[in-house]
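Let me begin by handing over the structure; questions about it come next.
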């Protein structure tokens, strides 16, 4: 076989290299230097990201299909991978303080290794053009996460979360593969393009519909679309904050893109007949239910869990839009969402590390004690709520614009529902702002100085929140990429 | 003529208002008063100059070869342009009546300025609080009133109409610490505001059809005969007559739009001139300082309504109906007010109602004026009566002011038999009474006689009715006179020194006005003012029959009053007990105020406002809140989904997946 | 008589449903894991059957099955580990007691 | 980019924000606020003069100083600016009120944060008025909305949490509809094949929005802006919001922000979708007509000063939308003048109320009386404001209302004579009635609050206005009087330049 096609997997290989470096560092470096590992990992990841971005910008690599059509890479795909990398870098930086905590000494390395492995799995998911690869990616993206969720041993919630996660995850993968087996039965192959070729509107059968429903359920589980979302809140609450932030942004973003790819390249021909309406229902459910639950939450992590559920609904608008505008908007949304959410989690993590407080009630009057943190949190909330001039506004606006391009009245209704839901979401985001800024009672969180790594993470997030929207080149380049990408030709209604 | 003087006439009072208003607090009371008076004096001179120039210069701009007086626009400045045709401009309009009004206003205003120097301080010569403010407001009022009478277009008139309303509001409420004064001022403003609503809509209708506000376009005087009594100068794109006769102008509820417009405009006049049923504010307005009552609520502002109708008289001529309405309203009001005036204790109230009644006279005489009777005698008569009435009513009010200032009370019960103590006041007041009662040779006689003969020409019914009112007038005035100055000896409460005539600043105006009231009757008014500008000698139409009858009525009434009230006796009591109901109704002004109270408070306030406010808070706002509440309820409702049980989660998962597939299948197949 | 695919499919379906039922009803987490295994194996069977009966000319299904088995093994391993952790901390493996985090 | 004068309307506030962030003590903060707002006033006056100069030179373009910089090329989103008489009038208004407002909040607590939010808010306002690109317009619109939450929440009084949340959510609800409407407009902004655009002028030129879509998008946009314009069923945020807001915020919100609604309704909804405006105007006519009298009636029974003014704002702003919907030049001119006049006088009102409240610590007119003896300056100002609001000639209110009535009566009669029903006519008459009701509640307040005997003897010790309060109120009074005395200047400014718009609107009837 032709080994040159490994060159197509530059990013995967780069990631493996980082993984190996971390592994070697963890294994062979003396105990005294182990505290340097988090920083080392972050820097390595940062270098990878920079390299990836540069490569993405400099060499305009065209679409490459490798390994007998099982693997594909293209500018869009490497772009989304870079977006994920950026997120991972921020997560890593933010987690340094936590990872250097004393009870982490034994398993510091594992955390980073598992994390990188999951990232690798997501890469595969995104690049897969064959369901075997896809499943492998999916599993390797979700199994290690279970271990990470269970990470801090001496917190009971962590265990409970891990159990809930692993059981539901395995169950959903079983459902997913069941669906795949039906697809295989109908199409006689697991290659995306073969399936696409084999499925026609005319060939729509009950089995196929059930298959599609199962596939959507399987992927929707990782996206935490309602009604497949129920694990989310508990896991987010139970997991260590760094893991939660990783879960909430990276795996969600990767899966969202993979979802788009699968739906377009495998079931594209059935968009209007079969799955547009499934998605329609799912989006309405997801946004609404997510919001309704988020209203009542007092625990910040749980709160953000539900908010991220409804955000997933907005992201799905980019899929149902089913055009390049929507795709670009979705990628942009993911990018912005990464920054906003990580901004919020950065603050939460910092406060948790310093005072162990995670309840919204403890945040009352935070502005008096820690104004900078409060301010960061507020901007993150505004960005999540989609308030200009922060990035969130632009991403929301663009995703709606994408969804409405040449849209039917039904989609207008959908967007209206989504818009009305933004009011509810604004309400609970403002609740946080209110707690921090408006309420007069004394803050239980003493003033403290967060570690430089945390501050660095927050600064990066803030930068993104402030300027991602205002600087148009980001969005423009995403549009260019997605309009060039081969996925575009599947967008036929 | 140059625009300088007219501009000054308007500018000086305005400047005085701003100057005294801003700097008044810094300067001494006396200085402020003197400045105000001097300013008004200058205006007086200028106004007289202008008026005489208009009447006597013989300038072809003012009087044609045929000798008919012309309308002359001294200047006209665009103020606000709605469309290229519909323009509000501020200007200075000279014609017989505006010139006459200039004289009246400035005279009375100057007298009042002078008078107030004495009136607005207590017996020890200490000026009242807010003295400067008082003069500032007086100047403001003079400015607005002058602007009103010289309006070149109906909208300018409306503007100043509102301004006089406001300044009267401020002056009535001058003693703003007294709740009664505050509520009186509020009442005055709101009632007139309500009337102005009609005025405004009338203007809108009129301007919509004619496409102009200008008086010259709306009312240009006829050249000969009735044929083209009404023609708009051709500068106006569509001549008014044409418009209103064309089919474009629909009938509305049985009357032509022009009638509606005129009636609505007249409604504004009713408000300002306190015609029934919008008269209720005027008696309360007596809460203001007496000089104010003399200036605003006797002489000038209240006749604005009459002036308005006179101004638009040619338009009214086009619609018989509107004139009839004017007549009826006037006649009823005149009688009503006279009746009420017979049963008031408060001398200012008596004068107030007599004012209403007299203004009603003017209205009636406008209403009955027709070109075919003595070249519209009624028009001239009402203007004449306006003039004379301004003089003697101001005189009466100022006299009453002097009395009140001396006694410290408004009720004649506290006065009685003051003739020895206050001779000047006594005599001048008597002259005023004679004038208003219409005794030859005092001014009232002539003007009222003109009115009566005009009525006679129009219909005997109106004539009889109005003569009866004239008799009543004489009766209640002399009742008042006797109760103040005779009836019984004045008893001086111990600790007080005897009442006496006031300072020259107060007496001088009385004397001057008394003189005017004596001689004003002999002014050949027809020479100056007539409905179409053609001067004529009204003595030619002087109807001695009518005159003698009215004189007789007046004398009889006076005799009756003398019998009843000259010496203290029980006749009035008997009278009252004979007809208790009549007395009560008259004394309580036929319970109009109570009716209004009921409508405003019970119906509008409690019946509309409160329910609306409740509706807003509970229904509208409640709906908005209920959205929030519903959202909360919903989230409460779906809470059990997140039960924390893994198997529950999986149940929901699998059911969701199956539903997703199943429903789609059902839809497809 | 020759054997039709249906003869194999029905057992696999039964297996899947049993797994599902067990997963939804059993309280012991180990038992739940076993039920999961049943479900996954049913899936594997499906693949094999479809490959063998519908598309015998290539071995995609078989290959997928091999990987799926491996994945299932991995999943079990991780799950067991976690369950043991839980057991360490709460001394029992009843899934219904794990509901501290809810609503 | 910085060669265009208009951009400085956004630049100056941004610079102010930067400086405020650096400020150390309250003196510096005040200095920044005053200098900055003075700069804004100067700028808007300069633009006004420039503008008049260019117009006098016979330039007939619908907009001047037009400039456009590409922002998001793929969606054809530009940062497009341009002004006509209306926008300039609004800019003037905003800068004046910002100026007065910064004096009215001279001694506010936490000045730094307060002014930061205030200036951010005004950034949004100015940006909204200068931009003619729907996207940027909407962005600035929302920028202007959000600071309200914190301004009310932190510095407010009374039931502030509830009010702030309610206000924010309701306005955001409006902007939800608005966003849908705007995107819809974008997708139908150009004929088949031509590039879509967000630019107002191009949209109007293309006039490509199909009839069906207009009748769907017009209500969306009109309601969206109407919520901020306090249109009848959606007005309930305003009483609570104003009641709890701090002085300067009430001023800015009632004075400027509510104008965003009217301006947007005219500039976006009617300007781009005239047909639908013609067919659907009756619905909104009824709503706005109701809010005119409704607000006035409600104001008659309220006893809290701020509630009274909030309801009178509902009434007056209702008049604005009402006049806009008359779709006739005079009425629209009147609407814009009403925006100016209401902005100024209501700002004056709220300033005075704030100052009185700051002294007496109550806003219940039943708890006060005879203020004229205690606080003569403030009381006189209050009387003037009241007179302006009940439409006394010589003050701004009269001019605006008369223009509106003349215009809308014309429209109404035209309909009536053409047999198109008498709805407009009837509602014009009803609206006219509001001048009486206004008089009622204004005089009620004046009589109760300022006149009469002193209610509470503790109030006798109060001190009259300080110099900054005098400055703040005097500025507004002078402006009110200017509009009232020289209306034709503003009339021409608005009216003349707004002919092109009018023609495009009335072109189709």
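First chain written, first letter: the chains are A, B, C and D, and each begins at residue 1.
The criterion applied here is as follows: a residue touches a chain if its C-beta (ideal position, glycine included) is under 8 Å from a C-beta of that chain, and two chains touch if they have at least 3 such contacts.
In this text the structure is predicted, and so the values were computed from the model without any measurement.
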Of all other chains, the one whose Cα centre sits farthest from chain D: C
Closest chain to the centre of mass proxy, which here is the mean CA position: D
Pair exhibiting more inter-chain C-beta contacts, B-C or A-D: A-D
For chain B paired with chain C, centre-to-centre distance based on mean C-alpha positions, whole Å: 98
Rounded Å distance between chain A and chain D, as computed from the means of their C-alpha atoms: 43
Chain C and chain D: spacing of chain centres that average the CA atoms, whole Å: 66
Gap in Å, rounded to a whole number, between the CA centres of chain D and chain B: 37
Per-residue overlap in chain D, given as positions that touch at least 2 other chains: 169
In chain C, residues with contacts to at least two other chains: 23, 95, 98, 100-103
Per-residue overlap in chain B, given as positions that touch at least 2 other chains: 628, 639, 642, 644, 646, 650, 654
Touch relationships between chains, expressed as pairs: A-B, A-C, A-D, B-C, B-D
Touching residues (chain side chain B, partner chain D) in the complex: 78-83, 86, 88, 155, 159-160, 162-163, 166, 169, 173, 176-177, 179, 182-183, 185-186, 189-190, 193-194, 196-197, 200-201, 204-205, 207-208, 248, 250, 605, 608-610, 612-613, 616, 620-621, 623-625, 628
Sites on chain B touched by chain C in the complex: 639, 642-647, 650-651, 654
Contact footprint of chain B on chain D as seen in their complex: 166, 169-170, 233, 235-237, 294, 297-298, 300-302, 329-330, 370, 372-373, 387, 390-394, 398-399, 402-403, 405-407, 409-410, 413, 417, 429, 432-433, 435-436, 439-440, 443-444, 447, 450-453, 487-488, 491-492, 495
Chain A-facing residues of chain B, complex: 628, 631-632, 634-636, 638-639, 641-642, 644, 646, 648-650, 652-658, 660-661, 664-665, 667-669
Residue ranges of chain A in contact with chain B within the complex: 163-164, 167-168, 171-172, 175, 204, 206, 209-210, 212-214, 216-217, 221, 226-228, 230-231, 233-234, 273-275, 277-278, 281-282, 289, 292-293, 295-296, 424, 427
